[in-house]
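Look at the two complexes coming up: subunit A is in both, with subunit B in one and subunit C in the other.
And now, the complex of A and B:
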């Protein structure tokens, strides 16, 4: 199945997408997308329940977070009450090793997103501060990247031996699904998503025309 | 363009607005916003910017103009923009829009809006609610 692992709704300060409109768009455009994960900025939206909406549109809708660290932005999947109490999600300078360790300890899965981007990407910080040994997975395809950024993410992820996934980073409805992740297993819950991410049985994909394509191993190119 | 002609998923025609220096100067004069960062590349760079910037309100104007060219006579009830990146004057900008929802009772549509810079970076995102007679 294919999930967009990085989306924002109106719950994020800079998000302008209503969740139901994401669902309508996916169905109207007949995207080959089975669902999406809402990764709101600097918070975990514990209140919203999208179960009925997911059932109505036959889509998996899960909730996660995008937090900010001293090495750039990080997606947190499998956020629970204990993890929320562990550190301040609203801060913009959480130490990355602490976030990774806390996520691991509380059964969540943490991965830096848009790592090829200037300022808010992991690899820009590696150049000045060195690498972080606890990192194992990064978002190598991001729908908000400019030309060259995803290529850098792919190249650097390979160099460091990181696994890579994809997400659109959509903040408006019509951007959902441009980048996504194909999983070997069928997933319906956040726990199943965390398990699948831990297993490594996934690949980043890019929407080209009507089809999702993976990165070419030979050309090391990012499909656009 | 009538409400009945619009469908969820429709794209508005893409536009490339005129952000040449004379046009920016003209707008700044009219708007009373003649600041160096909008009309002088060197002054803008001295502020740490990549070059003279397209004024944010002018960006909103481009988006509104695109909507009205697409649907002359419509009423834009609301426009809400987020400025995510810097758009430099005298470069090629791409403006696009897409219908993301329709309301038959209100005869309104919601539209996604974007302005993308020459380097591919999205400078402005937004939404608008547009009403038809």
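And now, the complex of A and C:
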């Protein structure tokens, strides 16, 4: 199945998309997408329940977070109350090793997103501060990237031996699914998603036209 | 990373919710229609003065500003006035010609975030409008972005 692992709704300060409108868009445009993960900025939206919406549109809708660290932005999958209490999601300077360690300890999965981006991408910080040993997976395809950023992500992920996934980073409805992740297993819950990410059985894919079609170990030599 | 001298927790504690301006605005049909036309509106409720439910376009209150954006003594953040980060309007009741609105300005939020261009601080000014009967009619949140 294919999930877009990086989306924002109006719950994010800069999000303009209502969750139901994402669902309508996916169905109207017949996107090859089985669901998406809401990764709201600097928070975890514990209150919203999209179960009924997911059932109505036959889509998997999961919730995660995008937090900010001293090495750029990081997606957190499997956020729970204990993890929320560990550090301030609203801060823009959380230490990346602390975030990775806390996520691991509380059963979540943390991975830097748009790592090829200036200022807020992991690899820009590697140049000045060195690498972080705890990193194992990054978002190599991001729908908000400008030319050169994803290329840098792919190249650097290969160099460091990181697994790579994809997400659209959509803030408006029409961008959902630009980049996504194909999983070997069918997933319906956040726990299953975390398990699948840990297993490494996934690949970054591009669903809406550009030069990328699929980035996989076989085709591009990117660790999966 | 945010400048160490910029303590947003302290700024929030001191300034959020503090009222720093109160202004009145008389609602007139002409500007209301002109605004609706400029927005590309086609609903006659916002364009036709003879419509039985004629009223201001929902985001018309965004034009009602006093010119004061920050309270006196508000800390300097970044350089210059910053850039417009957009407005959000919450519509609570119709605004009609002849209404006299009172807008009360407060600082609703101050937060930072990071992006390609570095760290940005968002200052959210909130204008809460009531009509001549004291009924709340609209809330406008106006974000300004400053680089730090």
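One rule holds for everything that comes next: the second predicted complex is superposed on the first by the 210 of 224 C-alpha atoms of A that agree within 3 Å, B and C clash if a C-alpha of one lies under 4 Å from a C-alpha of the other, contacts with A are read in each partner's own complex, and residues count from 1 in each chain.
Definition applied: contacts are C-beta pairs under 8 Å (C-beta built on N, C-alpha and C of every residue); 3 or more make two chains touch, one makes a residue touch a chain.
These figures come from a predicted structure and were not determined experimentally.
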- Task: In the overlay, answer first, second, both or neither for which of subunit B and subunit C A:42 touches.
- Result: second
- Message: Quick one: is A:136 in contact with subunit B, with subunit C, with both, or with neither? Answer first, second, both or neither.
- Response: neither
- Message: Contact-wise, after the overlay, does A:29 reach subunit B, subunit C, both or neither (first, second, both, neither)?
- Response: first
- Of the partners subunit B and subunit C, which touch A:163 in the superposed model: first, second, both, neither? neither
- Regarding the shared-chain residue A:119, is it in contact with subunit B (first), subunit C (second), both, or neither? second
- Item | Partner chain(s) touched by A:93 [first = subunit B, second = subunit C, both, neither] | second
- Touched partner set for A:198, first subunit B, second subunit C, both or neither: neither
- Overlap of subunit B and subunit C contacts on subunit A, residues none
- Item | List of subunit A residues in touch with subunit C within their complex | 13, 41-42, 68, 70, 72-73, 90, 92-93, 117-120
- Taking the complex as given, what residues does subunit B use to touch subunit A? 8-9, 80, 82, 84, 98, 100-101, 110, 112-114, 119-122, 125-127
- Item | subunit B contact footprint on subunit A (complex, rising order) | 14, 16-18, 21, 24-25, 28-29, 144, 146-147, 171-175
- Message: So in the complex, the part of subunit C that touches subunit A is made up of which residues?
- Response: 1-2, 111-119, 122
